Amino acid sequence: MNDRIREILSWYDSENPGVRTNLARMLNHGRLGGTGKMVILPVDQGFEHGPARSFAPNPAGYDPRYFFQLAIEAGCNAYAAPLGLLEAGIADYIGDVPLILKCNNHDLLLDEKDPISAITSGVGDALRLGCVAVGFTIYPGSAERTTMYQELREIAEEAKAAGLAVVVWSYPRGSGLSKEGETAVDVVAYAAQIAAQLGADIIKVKLPSEKVELGEAQKVYQKYEIPISTLTERVHHVVQSAFNGRRIVIFSGGTYAADEQFFDEVRAIRDGGGFGSIIGRNSFQRKKDDALKFLDTVMGIYKGSIQ
Amino acid sequence: MNDRIREILSWYDSENPGVRTNLARMLNHGRLGGTGKMVILPVDQGFEHGPARSFAPNPAGYDPRYFFQLAIEAGCNAYAAPLGLLEAGIADYIGDVPLILKCNNHDLLLDEKDPISAITSGVGDALRLGCVAVGFTIYPGSAERTTMYQELREIAEEAKAAGLAVVVWSYPRGSGLSKEGETAVDVVAYAAQIAAQLGADIIKVKLPSEKVELGEAQKVYQKYEIPISTLTERVHHVVQSAFNGRRIVIFSGGTYAADEQFFDEVRAIRDGGGFGSIIGRNSFQRKKDDALKFLDTVMGIYKGSIQ
Amino acid sequence: MNDRIREILSWYDSENPGVRTNLARMLNHGRLGGTGKMVILPVDQGFEHGPARSFAPNPAGYDPRYFFQLAIEAGCNAYAAPLGLLEAGIADYIGDVPLILKCNNHDLLLDEKDPISAITSGVGDALRLGCVAVGFTIYPGSAERTTMYQELREIAEEAKAAGLAVVVWSYPRGSGLSKEGETAVDVVAYAAQIAAQLGADIIKVKLPSEKVELGEAQKVYQKYEIPISTLTERVHHVVQSAFNGRRIVIFSGGTYAADEQFFDEVRAIRDGGGFGSIIGRNSFQRKKDDALKFLDTVMGIYKGSIQ
Amino acid sequence: MNDRIREILSWYDSENPGVRTNLARMLNHGRLGGTGKMVILPVDQGFEHGPARSFAPNPAGYDPRYFFQLAIEAGCNAYAAPLGLLEAGIADYIGDVPLILKCNNHDLLLDEKDPISAITSGVGDALRLGCVAVGFTIYPGSAERTTMYQELREIAEEAKAAGLAVVVWSYPRGSGLSKEGETAVDVVAYAAQIAAQLGADIIKVKLPSEKVELGEAQKVYQKYEIPISTLTERVHHVVQSAFNGRRIVIFSGGTYAADEQFFDEVRAIRDGGGFGSIIGRNSFQRKKDDALKFLDTVMGIYKGSIQ
Amino acid sequence: MNDRIREILSWYDSENPGVRTNLARMLNHGRLGGTGKMVILPVDQGFEHGPARSFAPNPAGYDPRYFFQLAIEAGCNAYAAPLGLLEAGIADYIGDVPLILKCNNHDLLLDEKDPISAITSGVGDALRLGCVAVGFTIYPGSAERTTMYQELREIAEEAKAAGLAVVVWSYPRGSGLSKEGETAVDVVAYAAQIAAQLGADIIKVKLPSEKVELGEAQKVYQKYEIPISTLTERVHHVVQSAFNGRRIVIFSGGTYAADEQFFDEVRAIRDGGGFGSIIGRNSFQRKKDDALKFLDTVMGIYKGSIQ
């Protein structure tokens, strides 16, 4: 455990040593091991968006083993997926990459205004599969959010008692928000705060836009001249909003960015004090060679070997 | 355990030996035993559609013992039914055919837009009746799907801990979908993916039509020129969508097909890499002699003894 | 145990000996003991319809002991009632008549479109009161039916493990059905099938009318020329729909029939292969002497001593 | 329920109606039904003494069905046996005779000075087999008696909550007593009192001899001139010792008595206020015709049709 | 299910269909499938006697997979072993032979006078490993027998509720018996009776000698001239002692018999009405080819193809 990892773990002092051990397993694994930065491969799109939309661009992804291979070869800190995908692929990759079991999921065969994810697996599954963490999505802004927060609370309580870390996907959605508001900087910062308050060990949010959604918030942002004009500033603000950087906050990219734009976003995350990226479609929807090169650049930026 | 069965079981390596044993019991039973193909007799129509609609065409089916006889004489891999039907018929057929307890059911005395099946039996019942698996229906596309996924997750966790396999009927229905969309190829593929992600050991879907229901999916099917013009191609796509064929996917026929058309569908399932058929009304709604001949042809096609 | 009782019990071979013993206790008790026919006295109307509507016609019924006396003196096979009525009357009639604890009940102080009964007692109560069975009402056709089926499943599992038989009142009602549809022959047959599938040992349904409610069913009744023009034929069809007569199906009369009409209905139940009657208001709403004479005729018809 | 049964049940007023119902089932069953007297067939000798010693005299007894037949044909009030014997014989005799599950048993392959019976079945078994009572043996006088009393207390609590009656075999044995003391009148009376104190509904003791075992007791018997010179007097004293006759006390005979001597003992039980006999070896170790005649005489004496 | 298997299963009518299914799985498996006879391979000697004593004669037995191969190739009805041996070998033989999990075991590193086996696995293990039965050893004659009977009762109750059959090794041992008495015919018959009373579905005992151990029993054997001079007669007596042949009783051989002597014993088991053999050391302590030939002869004798 180097000094940076020691420092990060010190923020989790009230977690039991098991949770801290599993955080350390992720932080010390892969190409970014020991840097305090993380790149996680998440693959829940088969469930969330359907198989063709997810895997047709790179049909290797129809096979559950592909994601293990990709995460391992790229040197990701962890690989996150729903129950079935982990179960169907793990046999050949035992012990080769830290695993996060995504415990709730949502599909698009009904596209409700106020979504809620179904609980699709649990702590017992995570333990018997040898995972280091459970993952859970909340939709702040949805009329169903109360149920989701409570479900998270229950699974987090059980997970931490068993020494598993808790990773929260905090994705504002639902009738409380405009479409653009879902990535408004005040909303993303708020979502990070809620996840931190709910006990998340690692928080995943989307990259925030310059928009401020909520009227009452807008007044404050103006009055106190909170700097949010650059992405670096906004990342900094979101990280600050998650207990002043004392919780690991990582950011997801979207789908459509050109690579150079994506790399610039990674630089902003790095410079704003973010802890890393969680990169799904942008990695597994291209051929493996291309994906490995892409992830190599991302990790280079985080390590500082690439500016 | 021959090489093909060994290969299939290798995909289920993260299941305990009990689940794999019960999968083997089905795969090794009956006329298709050892081929890796399955024909299952399901009889839940008395509950799902009412007794007269189900059994008047062949009144022998009013008697619970008839389905055991039919499944045994035809050499089916398994017989699936709700609690009452198994309880009332099993005594004379102990050990003669693997049994799947259908644990949730829906009736048509109220025809809701967003259906949900009632849980009508459970793992304890399956064990005391000597079943090899529990069966569970989900309706992706229904506003009630979240509840159903969670019910499935709970019953699957309990079943697998007890060494029982989990068979999921994944039938898209509900306000999220058009009537034709229920069998659209993108929707069926998506339904297969969801069942696989939820931990299904065996997945039952309907044969897909050429239609693509969802707009976002349509773009992908076109862009990547996913071949879906023949039934064989569509079967292949659905099987691919269930972890690239690493989960057993079987297909149900409808009611009204002429025999030759049905046999052509079986050929398409076989040639597309499907694992078999689950044939209810098309078998038990005709006289037994006729049904045995019909199933004999179906199995012959799967075995390859009939082209 | 005579041959007829032995035959009936053989249908329940997958139940444990305790359940079969309690079925035998009912089948062997009273004037119809050993005939395979049953007449049960049910008194849940105080709860279901209110006291005055139920007991004013014969005020003796305000006293819980009256129903024990009536059932015993008439030689009924069993007496069924909710918790309070059994508790308040049993002391003087210990062991004198088999008791069925009606475990859920519904009142009319709110007359919902989609009713659900409240669970008002359970298996522990049935055991401490010395009952032979639990009774449970389901309303197929109600939007609440899923909940009711699941409640029945839970209570049935617990009851059978404790050796108690399960009697299901299967009464179609709710927004899925027209008023006349509640007793339509297809609906009653469907309701009997559902109860059987849910594991009912004894099924109580209403006498079916000639009406066919459901469109899809109508086609089948016509195509296969299912005979339903006489009450005898309809009874036969309903009994057939409950596992071809391998479950005990008994029928309730209504309120207003003239005695001769009622006796004709009993003849139709007998000739159609029904197993008996459950007679509440028609017996306890008349003076005891009259009721005893009335029930004597009913039982005489079942025994064959009256044509 | 006639007046005598009503009187007997009145003593059990603090038991729930279920326990009283099961007492009534025994009291109302068989040739002595309604008399308040009981003759019970117990068969635990296969376990307690070994099969040859038990069944060689009448090899029909090797078959578990034989005892059901004997108890039914003789018109016994109940048949008591360990788990295996009930399970292996019950199928053909469902509902034909009240059953008592003997829940603990002892064998002679080790003949300890201070015996304790092993718990070999429980309340769940009694319920699923349709029994009316659990039976339990205690050995007052054994160094292990404390454990046995506590085991009885636990099983009795559970049994009564489930409406089962509790029958206690109270057999003084062990290092606290001389061999003759096991049937000494003071010891038998004491054993009856202990069983009553432990909550036994029915108490089974051996016929007492004239001997008084305990020194302190001897003084009292002499001082108060308690009449114990005739068997009738001793039976009266034992019944008095079980709450002045407000608990059912029945007596076992031994093996070797000549029939006339046995009948005289039955007369003494009857005249002393005993409630009946539990007759094992003396009934099942003779040919069935002989046994039926023998039991017919015993029951005749209890009914008063034979003096 | 042929007529003989149907007849055997009819004796187990009070067991649930699950237990009967697992009995059928054993009875229908292997070379003796359908004959009603069984040959079971048991391997607990590594635990009971130590590895070198067990496996040095044929070192192939050090490998857990060897016993699966042997049982499968020989066509045994089942293979029985402790937890570790099953866990370490099962992966390559899923579904190929019915498995019995030996749930308690004893070692010789302390050789007590009154032994008790340790509970080393349970019903949950048996289910997750896909076993058809649990196995349990009792030592009648040991001062610890009471504890063992109670442990068996608890595991049997749990196993049967989960549909698993219960196989009891009933091996008299301990301070209550002489060394020769352990196989005395009265003791073996008594041990079979105790196992049957405790609810064993299949009973394993040692072949009885002509000796009669217990004084009281001796009188009976002489008085009733019970024929025990030939092994066939003694087998008959033991089978009779297990509910007159209505429980499956199988016999173990010893180690040192010459093959011809062993085959004669098998003939005696067959002719005396025994249900088969459980053959450990005599099969796995010789080279596989030799063992297969040996078992082939044994099975031939049971099938009747060899006289």
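In this document, chain identifiers A, B, C, D and E correspond to the written order of the chains, with residue numbering beginning at 1 in each.
In this section, a contact is a pair of C-beta atoms (placed from the backbone, for glycine too) under 8 Å apart; a residue touches a chain by one contact, two chains touch by 3 or more.
Quick caveat, the model's predicted, so the values are computed rather than measured.
Without chain B, the contact network of the other chains breaks into the groups A | C, D, E. Seen from the Cα centre of chain D, the chain whose own Cα centre is farthest off is A.
Checking C-E, C-D or B-C against A-B, more than half of the residue-numbered contact pairs recur only at B-C. In terms of their C-alpha centroids, the spacing between chain D and chain E amounts to 36 Å. Chain C has its Cα centroid 58 Å from the Cα centroid of chain A. Centre-to-centre separation between chain B and chain E, using Cα means, comes to 40 Å. Touching of two or more other chains is recorded for residues 90-91, 124, 129 of chain B.
Viewed as a network of touching protein chains, the structure does not reduce to a path, ring, star or complete graph. If you check each pair of chains against the touch rule, the ones that pass are A-B, B-C, B-E, C-D, C-E, D-E.
Listing the residues of chain B that touch chain A in their complex gives 10-11, 13-15, 140-143, 145-147, 149-150, 153, 157, 172, 174-177, 186-187, 189-194, 196-200, 214, 216-217, 220-221, 223-224, 226, 237, 240-241, 243-244, 246-247.
Those residues of chain C that touch chain D in the complex are listed here as 1, 5-6, 9, 16-25, 27-28, 90-96, 124, 127-131, 161-163. Note for the complex: chain B touches chain C at residues 46-47, 49-53, 55-57, 59, 62-64, 82-88, 90-91, 105, 107-112, 116-122, 124-125, 129.
The residues of chain C lying in touch with chain E in their complex are 13-14, 16-17.
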